[in-house]
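Heads up, the next two complexes both have subunit A, just with different partners, subunit B and then subunit C.
Now for the complex of A and B:
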């Protein structure tokens, strides 16, 4: 009612009214925009600004335009690191989400004794800081003094060295899966809890079995949660840094300084003083991650419709 | 790992104090203030030290603290702010940032020999020749003096040094009937014999370490890095010395005779304690680390000269160590140089040695009390006699790259791959050379591969 009234009045003094209306809106989003521009826009803009320069030990700083981006596009080490996290994503994410989904369904099935105990104990690894978890796994993986070494010695097994060139990515995948199954399980479990009971009642009246309920009710209902968990996992894979960077001290030859894009950018800026080039790489990775996350989201929503 | 290594070295010091013994008795007149200068006169330096000034010193060596205390006692008008802004690379990053920013740098900074060219060639440090540092040459060992002498300038005064020697487990050698190797051929034979007798024991550990590799090439007579003018660098990691080293070390790498254990890791200390790592080829700062990190090895370790390529011709190299430099940004350069003359001169070096540092000053190295000190950990051996002799046997003429810290950070991407596959080290060295050449040229140097 008031809006229509305002609209008729507004024709008389359009500029003043409209501009005041515009500023009222800004006042509401102001606090958000302030924080958003401070912690998100400003760093991104600064990184873009940095990425347009080149700073040499001999010669100083000069504006180079897109040269850093051109260089990154043809940098074999950069693409090697991108390929590595892509392989990691394709293999590790489905395994992790699959196990997390199975666990969530099991806990939700009401057929489990001590369900809350399982829920908390599977979630617990997520509460362990990644640095501590990696150090711990590093000791387990030790082929001489670690658990792997002990098992090999005790039973005469020949478990291959998890910290060798061939197995290191699997070893890191194992750590990440261990860390994040609980987190994803909790997302799925929370979504499962929101499914209305009537659906189950209807299903049982129709005579549906447990697996039929899972297939036809539970999984379709939590598709949104699965989509969100997938996007988080995709972003997490592209940002892989802590685990390999800490294991590098134990396996310096298996984990190169360009093992993941983040490690590459880190080493370029802090060992090589190539802040500008590192900023360009960070920007490219940001765009790449957005594209992949968007594709994942698209494919998820297509199933919805 | 590199940072850890420096940290360990720094941590050592308290225990080593016992080993070195008190040097306070050694008197001698200090020539401070007598330095005859071309640019800035000794009088000006002396006046600066009697004027109200505040100096900022950045460094992480634990010996700096007692040195600063003694300095402030002698020159009460000069106040020294000693700040530890990080160890190794963290420290260099901060110094570099302050240099770039144009302000905020300290007056004096600790800089290791391997990192010194980077700062000297980027015109960040004062050439101490202008303050009469040329006259101090006789005070220091030839190799450390060579390390601070870059492009005909003197960019730091040496503080500590790390001439290499061979630390070995006498008990392990005795158990398997192995004689202490004097040449590299004997060393490799010992490695084979030891590993055959006990598959869990290795003559040494090495999974690829840039600092170790450059020191080993140094000892083999290689000079892979040649600096010709402020921005021109030649790299040749296939020169005679480099190849002599790979020919030698390849036998251990390809024969899987090296323990695949990272230095400074827990496994490493375990190996040093239980004797499964039987020798260490490392700098003279190591004893205190052994005492604190491998307590079970007490009484079992001994020191011998580093094995050589030719029998009866002792040769060594430097491994680690560094000095202190005056930054161009400093507004009190004369006073800062006065501090250097104290901290890295006779007075400071005495305090440094008494606090567990391995000195670079000839007076301290030749001090009978230092030479004759017996170490319980080393079965009452007079280890300093051997370590000091090693300092005299260092091959002269070595220089590091002006971007050595970055080159070292990518060592395991290149040479490490040869280690990882137990194959010839030469392709790894060539890959390292290529990557270093590429980086140097990107940074505006003129780098050529020979």
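Now for the complex of A and C:
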């Protein structure tokens, strides 16, 4: 971080000196930072403040220090929800990113017919709102007029009910995968496009095959993109809310009010009025997310060296 | 794109070592030998395309059915009367036309929210790329750190804050938080470093043009592909926004389409509620059509914004 910033500063320094005032940049960055502090920084500080209090039956709101955090540490419902998103993360993220990478490599390979058709059609689900995607898949899964029921009836198959206790997490994983394969594919594809042609020329002189080029040139060159996509996906998994919350009306028995940490925090605040405890849960999840994102980033950069 | 090819010298080596953001790549030259097309690969990708498009096809097919047909016919093919127009009519007029009201709200949130977010991100990204100023490093660190915080974790405290300010249940409660797009800032910043040559800015300064005049008359045009890309992504984000309005709004007057549709669905699944499945399905279709059209028509722009000139 330090080194690169210095580098930019160094290349642009002569111009800066001559241009008016050192503060001109703030005129451009200022408006963003103002709104940013209002909707990002202030809520974080406010959440920390809230999490240190408790609303009590007698005596109103009272400062309790870390009591909410201690309570969360031993709250089985909270840890149940954390475990569920952790399982989701470990299974769904690699599948989604793996498929997205394979698709991006295929489109980039020059050996595909109708490549631009594939690129746009696989990207298209990203434009579909999570609400619509979940309603759509929910109907497809559902017993009322769902496709799963249709297929079972038509072919005598026995596809298990995706909205049952056992399969609900897989069902949600499928929706999220469907929504985001295209987006991740595009990130990878954009990075693949930036690989200098000389590398490919050198490889073809060496007589490298397609898979060797993928392994030795393409994957290493887009490691940064893979890292960013992984971090976005990790953050996304920890924030899981829309899909289970919307599916809840179709599968009320399989999805509890503490299905994911976010649903738990949401239900604590809006159904239970426990705003202080919900703030503590939110802070813990923020810290957990940053730790996991950091570990993902570390493991990414270790492979680099 | 008429931009010069140059090796990237962006300040992107930051957290991830390389950026995913646009760079000016060399695309395989025309002289490159055409490789043999693989049929197997095309077939495998065909399955992927089916996976991506099948639910959308299902949605379209079922929005052409009447409610009884929905329950009695096979999901993946048309059946009975072609009721699409009738369904659309019903969707638009149900409950005093609340769908149209939600559509108008969504458009308002998109125009002000996504438009404002793109403008702020472009201004700030340009400022970061082209100026040196005290506190630049702090700006950088704070914004990057904030990206790692789960946005939804902030929702509850934001709600409480806004409710004390009396902003909940107003359009502002949805618009203000959508004004910030850290990803957009990042994208413009990376883009501006190369798209706007410092020499051009210097020349403008020599001519005595003010910084903002230079920005609006010269730089903004050079930033156009990056701008359109950010705009498209913020439009999608606000059009699809669900969690934030769900929390902030308690009356259906200010609902966007997403929250409204889910309300219809909840009503349909509640015992004794009016079963309006055909309206939920048709409404879903109407919700995604504009955004899909926007993506298809602006394809050239956003793909060039992302891959910066390497559109095949």
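Please note the rule applied: the second predicted complex is superposed on the first by the 265 of 305 C-alpha atoms of A that agree within 3 Å, B and C clash if a C-alpha of one lies under 4 Å from a C-alpha of the other, contacts with A are read in each partner's own complex, and residues count from 1 in each chain.
To be clear about the criterion, contacts are C-beta pairs under 8 Å (C-beta built on N, C-alpha and C of every residue); 3 or more make two chains touch, one makes a residue touch a chain.
Remember, it's a predicted structure, so these values are computed and weren't measured experimentally.
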(message) So in the superposed three-chain picture, is A:267 touching just subunit B, just subunit C, both, or none of them (first/second/both/neither)?
(response) first
(message) Between subunit B and subunit C, whom does A:172 touch in the aligned arrangement: first, second, both, or neither?
(response) neither
(request) On the superposed three-chain arrangement, identify whether subunit B or subunit C touches more subunit A residues. (result) C
(request) Examine A:250 and indicate which partner it touches, taking first as subunit B and second as subunit C; both and neither are also allowed. (result) both
(request) Figure out whether A:136 sits in contact with subunit B (first) or subunit C (second), or with both, or with neither. (result) second
(message) Which partner chains sit in contact with A:82 here, subunit B, subunit C, both or neither? Use first/second/both/neither.
(response) neither
(message) After the superposition on A, what does A:57 contact: first (subunit B), second (subunit C), both or neither?
(response) first
(request) May I ask you to decide whether A:282 touches subunit B, subunit C, both, or neither, giving the answer as first, second, both or neither? (result) second
(request) Report, in rising order, the residues of subunit A that make contact with subunit B in one complex and with subunit C in the other. (result) 144-145, 249-250, 270
(request) Name, in rising order, each residue of subunit C that touches subunit A in their complex. (result) 8-9, 11-23, 25-29, 32, 34-38, 41-42, 44-45, 48-49, 51-53, 55-56, 58-59, 62, 70-71, 74-76, 120-121, 123-124, 126-128, 130-137, 139-143, 146, 148-161, 176-177, 179-180, 185, 193, 198, 201-202, 205, 211-212, 215, 236, 239-240, 242-243, 247, 257-259, 261-262, 265-266, 269-270, 277, 280-281, 284, 287-288, 291-292, 294-296, 299, 306-308, 310, 312
(request) Flag every residue of subunit A that touches subunit B in the complex, lowest number first. (result) 55-59, 142, 144-145, 164-165, 249-250, 252-254, 256-258, 267, 270-274
(request) Going by the contact rule at the top, pick out the subunit B residues touching subunit A in the complex. (result) 1, 4, 89, 93, 96, 100, 118, 121-122, 207-208, 230-231, 261-262, 265-267, 270, 402-403, 405-406, 409-410, 412-413, 416-417, 419-421, 439, 442-445
(request) Sort out for me which residues of subunit A touch subunit C in the complex. (result) 1, 3-5, 7-9, 11-13, 15-16, 18-20, 22-29, 31-33, 35-36, 38-44, 46-47, 50, 99, 103, 106-107, 109-118, 120-133, 135-137, 139-140, 144-147, 150, 154, 178, 181-182, 186-187, 189-191, 193-197, 200, 221-225, 227-229, 231, 235, 238-239, 241-242, 246, 249-250, 262, 265-266, 269-270, 275, 278-279, 282-283, 285-286, 289-290, 293, 297, 300-301, 304
